[in-house]
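What follows is chain A paired twice: with chain B in the first complex and chain C in the second.
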Partner chain A sequence: MGQVLVNGIFLGCLFAVVAVGLTLVFGVMEVPNFAHSGIIALSAYATLEASDRGAPFVIAALVGVAAGGVLSVLTEVLAYRWVRNKPTAAPAVALGLLLVLQNSALRLYGGEGKALNTPYQSALWRVGGVSLSGVKVALILLTVVSLATLATVLAKTSLGRAVRAVAQDREAAAMLGIPVQRQYTLAFLIAGLLAGVSAIAYAPTFQVTPYMADEVLLSAFVVVVLGGLGSVWGAIAGGLVLGIVESLGAAYISSSYQSAFGFIALVVILVARPGGLLAPNARRIA
Partner chain B sequence: MRRGPIGFVAALALFAGASCGSDNKTSSGGSAGATSGGSATKVASADSTAGGEGGVATVGAILSQTGIYSTLGPPEKNAIDMGLEALNATGFEVGGKKYTMAVTVADDKSDAATSGVTAFRQMVESDKVPVIAFGLGSSLYAPLLKRTPLPMINILDSTYPSILDYDPNIFLTRGDSPTYVPGCVNYAKTKLGAKTMSIITATGEPYAEGLTQLVQKSAAKEGVEIKATAEYPLGATDYGNAINQAVAGNPDAIYLSSVTAVILPVLKQLRQSGYTGPVMHSSGVNPNQAEAILGSDFNTIMKDNYDCAGTLPTTSADARTKKFADDYQARYKEYPQDLTMWAYDFPFIVAEAMSKAGSTTDREKITAALKEITVPAGTVSGWIAGDGGVMFTDRDARTPSEITVWCDAKKTIASVMVFDVKDGGVIDPTFKDDPCATV
Partner chain C sequence: MTRPAVRHGLALAGIVIIGLIGYRLLTTLEGNKGQVCILVMLWTISTTGLNFVQGLAGYPSLAQASFYGGGAYISSLLLQHGHHAVVASLLGVLLTMVGGVLIGLVFARTRGQYFAIGTLFSAAVVTLVLTNSKGVTNGQQGMPVNLAFSPSLTLKLIAISVSAALALFYVIARTRFGERLLSIREDEDLAAHLGVPTARIKLMALVLSSGFGAWAGVLLAQRDGIIAPSQFTFGKGFLMFVAIGLGGYGRLLAPIIGSLLVVGLPELLDLGPGVTQIAVGLLFIVITLVVPGGIIGGLETMGTGLRRTFRRRSKGRTTSTAEALT
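Now for the complex of A and B:
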C-alpha cells in the first residue's frame, strides 16, 4: 500500500506540474494549450543538447527550463496573440503549434528515444517496504519547489496580482491600467518554465522523444478539468487525486486500465461538481 | 464568453484524436530518402536506373521510418540498400532477360492504420508494384489484400498468433514467436535456476500480448510458476504500478514483453525501483540502442539481461551472416539488428521469385513462386530450408533461434544458447560455456 501511494504521489506531482502550466494559460487567455506537450519535449532536448556539449547537469537543466520559457513565449507572440479574440480558433492553433513543435524536434533529433542522464539517477532509498528512486524523489521535490514559488509569486507580488486580475476580468484590469498583453506573455513564460521543469524532472525516468509528453498532457488536461478550469490550487489537488486514483486502480483492479481510472474519476467528479474540485467561479488563477 | 468544462473536454478529445497521427516526419537516409505516407521515394543503386536489357523491376517497402518504432525502419532501409547494391551488381534473369531492382520506400510513421494504409494504396493502385516488404500492420493490410491480392513480405513481425493467419498473400522472413520464446523459459529454468517468473507486458500491442501468452504456455510446460502478469497500457510513460505488481511476488526472473523502444524504458524504471534479478525479453536490443535509450548507466541496467529471439547477425555462427554484420557496421557505424539481415535478403528473395515466375509484374505468379523457391544464392541470414529445400514452409522462412546474454565487461551481447523448438518445447540446445570471452 505504501509503495502504491508513493507511486500515486509521484504521478500526481508529474500531472500537477504539467497541469498548472496549462491551467495558468487557460485561466488568463482561455487557450487549451496543446502545444505544451511540444514545449516539454523541446525543453528536454535542449537539456540533452547542453548536457551532450559538456555542461554540468544543473547548467543543462537551467538551459532546458529557459528554453521552455522562451519557446512558450514565442508561441504566444507568434500564434496565440493573433487569435486572442477568436476563442473558437484557439484549439486549432494549439494543435497546429503542437505539430510544428513536435515535427521540429523530429527533424532536429530524430524519432528514436534518447536518455537524459542525471547525477541522481542511480540513487535509491528504501524506507520500510517502500523504495524511493532518486529520479522520483527529484521529481517530487522539483514539483513542490516550483509550485510553491509560483504560489508565492501569484499571491505576494505585484506581477502575480496583475496576472490574477487579468484572469478574473481582463476588461476591468485594463481599465485599471494593468497592461493586459504583458500578463498574457507572463502567463506563457511561467507555463513554459514549468514545462521545462517537468521535462527535466520526468525525462530521466522515461526517454526523450518528440512525443514523450503526449500521454502526460492528456492526463494533465484531465487534471485541469478535475481541479477547476483556471485554478492553480485545483490543478495541484486534481493532480494528486488523479495520480493516487490511477495508482490505486492499477494496483487493486488492473494496471492495464491505469489511464482509464483517471477518466472515470473525471466523469464522477464532473457529475458531482460540474465546475471541478476547486471551481474558481469568478476568481481565476488562485 | 467563458467556456466551461464540457467545451474544454471536447477540445481535449480533439487533441487526443490529432495526437494519434501527429508523427509525420520526412526522413532520409542511405542512397535515397523515404517520404511520408502516400508519396515515396525510390531506393536504387546507381546502375539500377538503367537496368539490364529487361529494365528495372520496382517493388515497394512500407517501413517505420519515424515514430515510436523508428528504431526499426531506418536500419531496414539501410540493409535493403545494401541488398540492392549486391543484387544489382550482377542483376537477375527473368524470362531470359537481365533485370535490376529498385525499391520504393514509404514511411508508415509507426502508424500502419493511417499512414501505412495510405502508402499501401499508393503503391498498389498508382505505382502498381508487384511485391511489398513491410514491418507493422499485417492485420490492417489483410482486408486490403482481399480486394487487391499481391505478395507482402514481412521482414519484422513475429506476433502470436501468427500474422500468416491474416491472409494467404502474407509471407514472413523470420521465425515466428513460438520458435524462440520457449527458449527464454527453458534457459531461465535450466541455467538460471528460476522456479518462478513474473511478466510485465504492454496491453494493446500485438507482439507483446503474443509473447506474454507464449511465456505463460512455456512456463506451464516447463513447470515454472508465473507469479504475476503485470500490464500497462501501450503509450504509458510511468510503469511503477506494473513494476510493483511484478516484483511483489519476489520472482526469480522477470520477462518484459514488447519491442525495444517499449521495453527499455520499462527496464530502466525496473532497475531504478531496485530490482537486480535476471531480466528476459525477446526484443533484439543491441548495444547502441541500450546506450541511447538507457543513458550513461546502460551497462549496469543491462546486467543480468537475456534476449531470446532469432539469431543476430553479429552473434551468428554463419560466415555469410557474420560478414554482412561486419559490412553493415563498417558502413553505417551502428550495430546491426536481426531485422537488417532479413531486409538485406528481401531483394534476393523477390528476384528469385520473379525469376521462377517468369515475370516482374504478375502478382499472382510471383505469389505462387514464393511458395516454391529454394533459398536464394546471395542471401546472408542463414535460412533453414524446409522440405525439398524450399525457403518458405507454410509461408514462413526462418533462421535458428538463440539467447544472448549481456556482457557487462565488454558492454555488448554474446550468444549463450542456440536452439530449435518443436511442439512448444526446446530441442537440440547448444550452450557456450563462457560466451562473453569470445566477443
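Now for the complex of A and C:
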C-alpha cells in the first residue's frame, strides 16, 4: 500500500508539471495545447544530444529546459498568435504543430527508444517497506521546486498578477493597460520550461522516443479538466488525485489499463458537470 | 444552372462518376499504388462521416479512427465465430454505432475543447483495449480475418460505398438536420436559444459518423485480410481530423482531397520517415491560418474573385468605379 501511494505521488507530480503548463496556456489563451507532448519529446532529445556531446548532466538538463522554453515560445509566435480570436481553429493548429514537432524528432533522431542516463539513476533508498529510486526522488524534488517557484511568481510579482488578470478576463485586462500579447508569450515560455523539466524528470524511467509523452499528455488533459481549465492549484491537486487513482487501479485491477482509469474519472466528471469541475471561465469556452 | 433539380442532378451524376473513376483505378493500379488507392478510398468513406461532425457542426471529433477500427474488429470477430458475412458486417456497423451513442451520450453535452479532449481520450482507450485484450484480438501483432467477400466484390463494394457515402452526405447536408448542424457551427448559443436541441443533434451527428467509419473498417478488414491496432490509433484519428481541415470543413469533396494529401502523399512521395508528415502538418497550419475554408474553400474564393474581375472588365470602367464607391 505504501509503495502504491509513493508510485501514485510520483505519477501525480509528473501529471502536475505537465498539466500546469497546459492549464496556464489554456487559461490565458484558450488553446488545448496538444503540441505540448512534441515539445517534451524534443526537450528530452536536446538533453540527450547535449550529454552525448560531453556536457555534464546539469548543463545538459539546463539545455533541455531552455530548448523547451524556446520551442514553446516559437509555437506561440509562429502559429498560435494568429488564431487567438478564433477558438475553433485552435485545436487544428495544435494538431498541426504536434505533427511537425513529433515528425521533426522522428526525422532527426529516428523512432527507436534511447536511454537518458543520469548520475542519480542507480540510487535507491528503502524506508520501511517502501523503495524510493533516485529518479523518483529527483522528479518529486524537481516538481516541488519548479511549481513552488511558479506559484511565487504568479502570486507575488507584478508579472504574475498580469498573467492571472489576463486568465480571468482578457478584455478587462487589456482595458486596464496590461500588455496582453506579452502575457501570451510569457504563458508559453513558462509552459515550455515546465515541459523541459518534465522531460528530464521522467525520461530516465521511460525511453526517449518521439511519442514518449503522448500518454502522459492524455492524463494531463484529464487533470486539467479535473482541476478546472485555467486553474494552477486545481492542476496540482488534480494531478496528485489522478496519479494516486491511476496507480491504485494499476496495482489492484490491471496495470496495462492504467490510463483507462483516468478516462473513467474524466467520464464521471463530464457526465456530472459538462462544463468541467471548478471551471472558472467555462462560459467563455465555446 | 439555375434550376435546383438540374443542379442536384449534375452533382449526383458527378458523384457517380467519381465512384466509376475510383473503380477504374482500383482495378488497373497494381502493387503499392493500388494499395494507396484503396486506402485513400476507404479514408474517403470514413472521413465523409467525420465531415458531419467536424465539417458541418464544427466540432473537433478525434475518435473517427476508433470507429474505423470498431467496424474492422467487430465484423472480423463475428466472422471468426462463424456468423454469415452480411450479418457480421451489419452488426459490425451497428455495434460500432452503439459505441458512438455511448461516447456521444457522455461528450455531446460538452462544449468545444472538452469535446476534443473527450473524444481524443475515448480513442486512446479503444487503442488500449485493442492492444491489451490479447486473448480476443491477438494484441499488437494483429489478427487474421476470414475473407467473406471475394476480392472483386470487395473492390466493387469500396467503389460503390465511396459514391454512396458522398451522395448521402450531399442529401443529408441539405435536410433540416444538416442545416441544424450548420447552425451549431455558426453560433451554438444562438441555435440553442432558437430551439435547436444542440446536444441531441451533436449526438446524432457523432453516431452517423461512427456508422460511416465502421463500414469503411469492415471493408478494410475484408480487403487486407489482417488488421492491427496500429491502423486505428488516436494518431490516425488526428490525421482524419487533419484531412477534413485540409480539404475544407463541410465541403462535399473535402474527404477526397484530404485523404489524398494525408494518406496518398506520404505513400507516393517517399522522402524518408516523417518528412511528408512535417509537410502535411505545416500545410495544415498554414491553411488553418490563411484559408479557413480549406483547399476547396480557397479555390471557391479564387473562383468568385476571378469571375468578378472578369465581369468587371467586360462591363467597362464606369461600373467598376461605381462598385468601388459603394
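Convention: the second predicted complex is superposed on the first by the 268 of 286 C-alpha atoms of A that agree within 3 Å, B and C clash if a C-alpha of one lies under 4 Å from a C-alpha of the other, contacts with A are read in each partner's own complex, and residues count from 1 in each chain.
Please note the rule applied: a residue touches a chain if its C-beta (ideal position, glycine included) is under 8 Å from a C-beta of that chain, and two chains touch if they have at least 3 such contacts.
Keep in mind the model is a prediction, meaning the values are calculated, not measured.
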Once the two structures are overlaid on chain A, check if chain B and chain C clash or fit side by side.
clash
Counting only touches as set out at the top, which of chain B and chain C does A:114 meet: first, second, both, neither?
first
Return first, second, both or neither, reflecting whether A:86 touches chain B, chain C, both chains, or no partner chain.
second
After lining up the shared chain so the two structures overlap, which partner does A:218 touch, if you call chain B first and chain C second: first, second, both or neither?
both
Using the touch definition from the top, say if A:97 reaches chain B (first), chain C (second), both or neither.
second
Once the structures are superposed on A, label A:122 by its partner contacts, choosing first (chain B), second (chain C), both or neither.
first
In the superposed arrangement, which partner chain does A:271 touch: chain B (first), chain C (second), both, or neither?
second
Look at the residues of chain A and decide whether chain B or chain C touches more of them.
B
One more residue to check, A:133. First (chain B), second (chain C), both or neither?
first
Check the residue A:158 against both partner chains and state whether it touches chain B (first), chain C (second), both, or neither.
neither
For chain B, which of the listed stretches 25-33, 151-159 or 349-357 runs into chain C?
25-33
Considering only the contact definition stated at the top, list the common interface residues of chain A for chain B and chain C.
26, 30, 32, 34, 87, 91, 95, 98-99, 102-103, 106-107, 110-111, 215, 218, 221-222, 224-225, 229, 256-257, 259, 266, 270, 274-276
What residues of chain C sit close enough to touch chain A in their complex?
58, 60, 106-107, 109-114, 116-118, 120-122, 124-125, 128-129, 132, 188-189, 238, 241-242, 245, 272-275, 277-278, 280-282, 284-285, 288-289, 292
Name, in rising order, each residue of chain B that touches chain A in their complex.
1-5, 8-9, 11-12, 14-16, 18-19, 22-25, 27, 66-68, 70-71, 110, 203, 230-233, 235-238, 240-242, 244-245, 261, 264-265, 268-269, 272-274, 289, 291-298, 300
Quick check: in the complex, which residue numbers of chain A touch chain C?
26, 30, 32, 34, 79, 82-83, 86-93, 95-100, 102-104, 106-107, 110-111, 215, 218, 221-222, 224-225, 229, 256-257, 259-260, 262-263, 266-267, 270-271, 274-276, 285-286
Could you pull out which chain A residues touch chain B in their complex?
3-4, 7, 10-11, 14, 26, 30, 32, 34, 37, 87, 91, 94-95, 98-99, 102-103, 106-107, 110-117, 121-122, 124, 126, 131, 133-136, 202, 204-207, 209-212, 214-218, 221-222, 224-225, 229, 246-247, 250-251, 254-259, 266, 270, 274-276
